[in-house]
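To keep things simple, chains are lettered A, B, C and D as they appear, and every chain counts its residues starting from 1.
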Amino acid sequence: MARQFSFLLSLIAFWLLLSGMFTPFLIAAGIGSAIVIVLLSRRMDLADHEGHPVHLAWVAVLSYWPWLFKEIIKSAWDVTRRVLHPALPISPVLVEFRPTQTTDVGLVIHANSITLTPGTISVEVEPDRFLVHALTREAGAGLTGSEMDRRCTALEGN
Amino acid sequence: MLAFATLALLVTVALALVRAALGPTVFDRLQAANTVGTCAMLLLAVLGFLFGRPEFLDLALVYGLLNAIGVFAVLKFLRQDDLGEASKDAANLRERA
Amino acid sequence: MSTLVESISAISLLLGALFCCVGGIGLMRMPDFYTRMHAASITETLGVGLTLLGLLLLAGWTLVAVKLLMVGALVFFVSPTASHALARAAMTCRLKPVLADVGETTSKP
Amino acid sequence: MIIDILLVLMAFTVLILVRIRHLFTVVVLSGIYSFLMATVLLALDAVDVAMTEAAVGAGVSTVLLLGALHLCKSEEARPAHKPWIPLVVSVSTAALLIYGAMGLPDFADPDAPIHHHVVPRYMQNETDVPNVVTAVLASFRGYDTLGETTVVFTAGAGVIALLRRRRKPDLGTDGK
């Protein structure tokens, strides 16, 4: 119930931010839409712990994201150099490894981080097996037991 | 600078369109369509600033959402149904599952 | 102050546009579907990120900036999911990736 | 300038669409066409129309066409006859439209007749709706839009009903 209430509040905030108009009619319309959406998502059983993960949001924003941004910039620069290099020095590999996360949210964060980093794409994601396509052999070799893996596991341990 | 960004985005859209025209497999074309969607979204945001009307950003949000929904709809179709050369394999997979 | 912010935003827009182009060029140059996805992900991360950062600096502290952040967050969350779904669908349909390993292992002793 | 480039890209997309016979690809590429069309509409300052084009063209019609594709072959058949009659019809229609468009006033011409009759009243904006185009669509022409929406909704419901009826026997044979 608290979860649904926070969902409702964030929807209303979303409406107000998007519209930027604060006449009574529009605010009432926004609140009405938000209530309808909360009721619908309740019927569709969407507002579970995954759809609205309040419990790890702040940790993620404060410690994980800056690190992830740094990684994305580093590897994007690497891939850019390879794309623009006349000889196209790539060595694509498929890497299979075992992630250390236990919860679904942790696995999803790890898989999405892998995909978000240019040069690696998670192809198959199962609880005990990740299949990752990497653009270079070095990028593929750095995946097993990586810092990203460790950080994702640390993220889910609450 | 905004004009330059617009031009670069249009070039990217053109490149992705060429890939969509050439693309040997369906997935190449899908990837090209996805890239066009992303670029169109950025193009909207940049155009909004270029014309001095940043309200266009609402539309950029809609584009982003629709792009994702389009890709997911197409992929759901791919997983369930006929797709040219790969159809037999998909059918085999379904039988085994 | 404002000229500093403006020049940073100009540089950021320039770099973002260039990275978008790099993604497009990679989409043309790469040999197979999976490697092309890596090129496209440059457009979706650095291209989008830097362009939105440039616009964000132009917008200043307004509602527009919040909307730009929302667009950024949307791309940040949705694009890896779409890429993963695409790669997985390609793998399910048995689209074989071009791998470097085959040639290398034969050359190694 | 931007509009010109976008129109060239759209023409290129249409050429690709005509050349390709794999229908699934055609559906995907027509989504690209809709995105480009919406960007053109936006460059012409028609924000609401652009939003509708993006939502209907790239979103809903992709889903509906995929549903239709579920029921038929994935390759477009070669036409049985040479397409001379349709070609003549479409070329003459296009010529007629271009001839008609040449008689229109220039884009954003302040002296055009359309800007003298209803536009001043619309611009006064006596409704509560902030966006002018939305005010025209949803308030001044509210009943018109309601009728259109009803037609579209009925058509959508009909299409979904048609697509659903064929799918059930399929599921049955899968289960056997």
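Simple rule for what comes next: contacts are C-beta pairs under 8 Å (C-beta built on N, C-alpha and C of every residue); 3 or more make two chains touch, one makes a residue touch a chain.
This is a predicted model, so every value here is computed, not measured.
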item	value
Innermost chain, taking as reference the mean of every protein Cα atom displayed	B
Which of B-C and B-D has more C-beta contact pairs	B-C
Chain centre separation (chain B, chain D; CA means) in Å	18
Distance between chain centroids, defined by C-alpha means - chain B, chain C (Å)	13
Centroid distance [mean C-alpha coordinates] between chain D and chain C, Å	29
Separation of chain A from chain D, taking each centre as the mean of its C-alpha atoms, in whole Å	34
Sites on chain C at which at least two other chains make contact	25, 37, 67, 70, 79, 81
Residue numbers of chain A (touch at least two other chains)	18
Numbers and ranges of chain B residues touching at least 2 other chains	13-14, 30, 32, 58, 61, 67, 83
Parts of chain C lying in touch with chain B, wherever the complex brings them together	9-10, 13-14, 16-18, 20-21, 23-25, 27-28, 33, 36-37, 40, 43-44, 47-48, 51-52, 54-55, 58-59, 64, 67-68, 70-71, 74-75, 78-79, 81-82, 85-86, 89-90, 92-95
Contact footprint of chain C on chain A as seen in their complex	17-18, 20, 72-73, 76, 79-80, 83-84, 88, 90-94, 111-113, 115-125, 131, 133, 135, 137
Touching residues on chain C, where the partner in the complex is chain A	19, 22, 25-26, 29-32, 34-35, 37-39, 41-42, 45-46, 49, 63, 66-67, 70, 76-77, 79-81, 83-84, 87-88, 91, 97-101, 104
Residues on chain D engaged by chain B in the complex (per definition of touch)	2, 5-6, 9, 12-13, 16, 19, 22, 24-25, 27-29, 31-32, 35-36, 38-39, 42-43, 45, 47, 50-51, 54-55, 58-59, 62-63, 66, 69-70, 74-75
Complex contacts: residues of chain B adjacent to chain D	6, 10, 13-14, 17, 20-21, 26, 29-30, 32-33, 36-37, 40, 43-44, 47, 51, 53, 55-56, 58-59, 62-63, 66-67, 69-70, 73-74, 77, 80-84, 87
